[in-house]
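One structure is given below, encoded as structure tokens.
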Amino acid sequence: MSVILDVRHATKRFGGLMANEDITFQVQQGEVLGVVGPNGAGKTTLFNSLSNFHKLTSGEIFFEGKRINHLQPYQVAHLGIARTFQIPQAMGEMTVYENVLVAAMGKDKDEKRTEENTRLTVAMCGLAGLTDKMAKSLNVMQKKRLEIARAIAIKPKLLLLDETMAGLTGVERVEAVNLVRRIHQMGVTILMIEHVMEVVMNVSDRVMVLDSGKVLAVGTPEEIGDNDDVIQAYLGGKKM
Amino acid sequence: MMFKKMEKHSAEWIPLLIGILLFVTVLQVAKAGGRVTEPSEERLSKEQQATEAEEVIIGVLLPMSGTQAKAGAEVLAAVEMFVDIINEESKIGIPLAEGRGLPNLNGKKIKIVYGDLKSADTALSEAERLITSEAAIGICGMFSSATTKTAAVSTEKYKAILISEGTSPSLTAKGYEYFFRIFPDDTMYVRDTYQFLENLNEMEDAGIRTVAFVSEDTEFGKNIEVIEREYAEEFGFDVVENITYSSNATNLISECLKIKKADPDVLMMSSYISDVILYMNTFKQIDYMPGMIIGQRGGFMASELFTALGADAEGLYSTSAWALDLNLPLVQELNELYKAEYSGGVDLIADVLKCAADVYVLSLAVNQAGSTDVDAIKSAMHNLKYPSDQLFISGKGFTFDEAGQNNEGVSLISQIQDGKYQTVYPKELKNIDAIYPVPGWE
Amino acid sequence: MWKVITRDKKFCTGFCLALIVAMILPVFIKKPFVMHILILVCIWMLLGMGWNIIGGYAGQISNGHALFYGIGAYTCGIGMYLFKISPWIMMWAGMVISALTAIILGGPLLRLKGHYFAVATMAAAECGRIIFLNLDFVGGATGIDFLNKDLPAWYTMQFTEKEPYYYIFLCFVVIVFLLTKVMDGSKLGYYLRAIKSNEDSAQSVGINTTKYKMLAYIFSAVIVSLAGSLYANYIQYIDPYILMPLNISMMICLVAVMGGIGTVVGPVVGAFVMTVISEWTRSTFASINGFDLFIYGVLVIVIVTYMPGGIVSIFNKKKAGCEKV
Amino acid sequence: MIIQCIFEGLIIGSILAMIAMGIALIWGVMNVLSFAQGEFLMLGMYIAFYLNQKLDWDPILSIPVTMAVMFGLGVVIYKVLISRALKGPVLSQRLITFALGMVLANGMLMLVSSEFRTIKEVMFTGTVNLDYLVVSKEKLVPLISSMTITALLFWFINKTRYGKAIRATAMEKDAAELVGIDSEKAYMIAFGISCGVAGAAGCILSYYYYITPTVGSGFLLFGVIAVALGGFGSIFGAFAGGILMGLIDVFAGVYFNTALKYVVVCVVFMLIVSFKPKGLFGK
């Protein structure tokens, strides 16, 4: 197993606020790494740094051994890092199909194949019925799925999922989990921020816990499950 | 979702709107192209159309909106006056007055069709419309030189007479075939201005040495500024300040401060009325008055000068080609008639009369030609006969040169004294002495 | 390219019909004034379509396109006036210059969002206007009058008849129109719409937003400048007051918005409606001071308020009101 | 000379600032770039003019009345037009205000003709001539009153209940509605006030300026630039922007070139926004 993403001493400061402080971790090719942590732990900030929506204050990020933290977001996307947004950023004026198509276009010159892929992706994310709906008229769950669809449409090597389960009902959540699994089976490495503990625990191979901008612990779900500081800091004492 | 709402909202309106639009389109086509279907007309030349019509149609372009609309309205009134003089019985002692209509065209009447004069390109649009769909035989109006140039494009194309008082010398240099101008051009006005200054120096040894120019950044201002510079050298005055200002400036402080700094004996201005008002107010506020402010018509030849500035307008000079105090009896008659029945008490202003006179002269030419054939009218213009005892404009009458310029016109200089324009130069026309230097703001 | 156009049957037939009508119209119209209006319509179609690329597709609302209009017109004017070079050549020069201007301005300005971009472009256009007013070699405020009787008409593009103008302009309209149609279905079209909809997600799927916004800006500048060049040769006298007042910039938006912003057909419809309304109001109501513009304004308000998606939105409901910029 | 320039710059600036603040208020609260502000200014001037004609009130005294009338007008316009327009795209809103300006200007043209009016006798006239500076009372009084009105506006926006409501709506419409602020009402008041301020600016301007239906357009462009210069949503920014523009205007005119002074203004603006894309005081 090779290292696909290698983050070294990533630090991000907003004025006085230290959002990420000296974060170092690695993502293995083909694993699912869950990122958990209380609100304001700096999870989303980390994602924005990884996808270069803002530049790190200090530290470095390597993707497949290539330094990427001087690049533009779209360049990162070209390298094969796709992301979803915590608050869905659908292209409201376009149909679901077009949303995904736009993403797929970048990868493939051939129109036929692009359209084919798009259709598959849409179907895979369970949006088949909504192809021609305006994205802005979707409900939260559908928007979150659209996020995922758009992200995987660019055929990423690494997929950054930002709270795709938040606010979903039990059933929806199960579907979402299956979706993530399917994507994973396609050989996409996944780095997912998640609040819902059980999801993280049964989807991820490893879990990283952030707390107030620092890495608190990294390990398999089990290890994390009985790591005391984690329980202290995050689960507020109660055992699960 | 607001979009849903909106669609519902608009739903009941849409048919109505489509209705309006269709209506508009239909009207437009009907207006302009309505009679196209009659095959006969396609063969008819414009001239024939006109002769078959009951009237001789003359197009007049005026600013109907924007800052000059007021002046436009005055011209309109004056034009109406002349048309009535021609079309109805009238006691005014000028040709075509007695009897109705044009005698040589067995009493045909003059009909005016108006067009709007927003900018130079609407001038083209409107000239096209008046000539081609209103069948006007000629275009007159309150042109600037810029608007004249675009109007000329269509008058030349469709062979119609264009009489314009745009004063730029470039107009007669262009070799237009159907262009005429009755009153002098800028060169003459500016030369006379300097001669007037020299004359002041000789007669009252006024000791005028320095001049400054203020010109707005339009066709009008630019042309005059160039000529003013040339003649300043020729007459040996030294130019202490030369300001071009933006015609849509919201304030003229910096301009006025610069002039105050330079403090010229004479300030020569070419501005439209709005800026004249602003300049005078600003000068007052910085407590400065040059020895003489002389304007090249434009804003200095407008009735609003009195209404808007009141006493502050006292002592302003302007070049002009016509004045109420010319010792011609007809001038007073016309002015009385104008004040009584057309303008509601406002005196006739030179620049208003000039445009109206164009229409009158064109009708004269039509009558003399005895036809509405444009080339006939053109040659009639070129040897226009006018009884010299019936003149109501300064100068000796009308002899147009090849370029279409009337060489008989004279320019004169008026000063505003006790609330009206009074001629102060040349001496054969003057009826009052020029006041120099004008007293500052007390 | 043909594939893209012919794929959409409805569009294809509609276009062909419209084209045929447009082609044979002059045969029936003997009134030069109506031809004149048709020619203006062509010009406004070009302007609308040009603006539509940056404003409609990329969603960057420029209120300063009069600048490019002026540049196009002036390059042709100067070319003929000073060097006797045919507009057929100069119009390309004009496009190049406009493109360069677009690049220079676009660099800093395209980073601005929403109203800022609008105001900045407005300021740019005003600059352009004042500078042209004070550059003497382009005639300054006196403008340039490049009517030329000696050279052959096909060379100077100065015809005495209206028909040649009409057909030349129509040609360009058709070309630009088809190009827009192609762009609409192409990668560029989708990317621009994506940027308009949501710049962040556009970035996240690997769209180089800066590059594509710039492209759009350049294209629209080029088309608008072409319109300027053609118009200049039609009126044969140009000065900054004709070409570059704020109103022209606003009208250009208006054309696209009325027709349907971000659609292929929108600007074409809009141009037709706008020109007809304004010429009609002027020729009908001008006798009362200001009444024509008053009516014009009212009509604009009504149409824009009650058809936010533009006139075309009536025909395809899907797009109605969706062009939220 | 320099002192004179500063003085005059402040005077022009104060007028631009008032227009700018009106625009900024609408921009900040309902994200509409209003192109009708120049015409509201014009209406203000006419109200002042006719009050002076019929009741010979001094323009300064007629400010409260004018503000009230314009406020009312603003509310009506909001109800009839803007509230509907707000449902549409941003660009449509802008164009609607543009067309509204056209309607107002030409409507006035039809009513009162384009004749240039001026208010001849005003309470304070004459000049005080200190050797380094000529102060004309005709401008000093307006300067003072415009400053007062600006102060009042600040007080209203920052201290009063309505002001706070408006600010809240500007920041977070939905949140404001949650805490029980009637955003519709807030919008209405905001629009009314921006009309009122423009009207007051008109009164003040009419003290030494000519009055004609098309007078507004010139002020509009620079008002808008001033707002963007100052920065989005910041009333103070608009004020500062206005003053700054006034100063640039005068200094560029005196020390650079009168014909190109507005080029300087525009270029300075474009430079500033290309380095600070949200304007000087933009949040």
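Labels for the chains are A, B, C and D, by order of writing; each one numbers its residues from 1.
Please note the rule applied: a contact is a pair of C-beta atoms (placed from the backbone, for glycine too) under 8 Å apart; a residue touches a chain by one contact, two chains touch by 3 or more.
Nothing here was measured: the structure is a model prediction, and the numbers come from that model.
A comparison of C-alpha centroids places C closest to the centre of the full protein. At the far end from chain A, in terms of centres built from Cα atoms, lies B. Chain B has its Cα centroid 74 Å from the Cα centroid of chain A. If you average the Cα atoms of chain C and of chain D, the two centres end up 32 Å apart. Rounded to whole angstrom units, the spacing between the C-alpha centres of chain A and chain D is 48. Chain B and chain D have Cα centroids separated by 35 Å. Residue numbers of chain B whose C-beta contacts span two or more other chains: 6, 9, 65, 69, 73, 217, 244, 246.
Counting partners per residue, chain D has 84, 87-88, 106, 109, 113-114, 217, 259, 262 as the residues that reach two or more other chains. Residue positions 130, 133-134, 288-290, 292-293, 308, 321-324 of chain C each touch two or more of the other chains.
In the complex of the two chains, the chain B residues touching chain D come out as 2, 5-6, 9, 65-70, 73, 217, 243-246, 248-251, 253-255, 257-258, 261, 273-274, 277-278, 281, 284-287, 304, 307-310, 441.
Touching chain C in their complex are the following residues of chain A: 51, 53, 72-75, 77-78, 82-83, 85, 89-94, 98, 101-103, 105-106, 134-135, 150-151, 153-154. Every residue of chain B that touches chain C in the complex is listed here, in rising order: 3, 6-7, 9-10, 13-14, 17-18, 20-21, 24-25, 27-29, 31-33, 36, 41-42, 64-65, 69, 72-73, 114-116, 119-122, 124-126, 128-129, 132-133, 146, 149-150, 153, 157-158, 168, 170, 174, 217-219, 221-223, 244, 246. Those residues of chain D that touch chain C in the complex are listed here as 27, 31, 33, 35, 81, 84-85, 87-92, 94-96, 98-103, 105-110, 113-114, 213, 217, 221, 224-225, 227-228, 232, 259-260, 262-263, 266-267, 269-270, 273-274, 277-279. Looking at the complex, you find that chain C touches chain D at residues 55, 61, 108-109, 111-116, 118-120, 122-124, 126-127, 130-131, 133-134, 246, 250, 253-254, 257, 261, 288-294, 296-298, 300-301, 304-305, 308, 321, 323-325.
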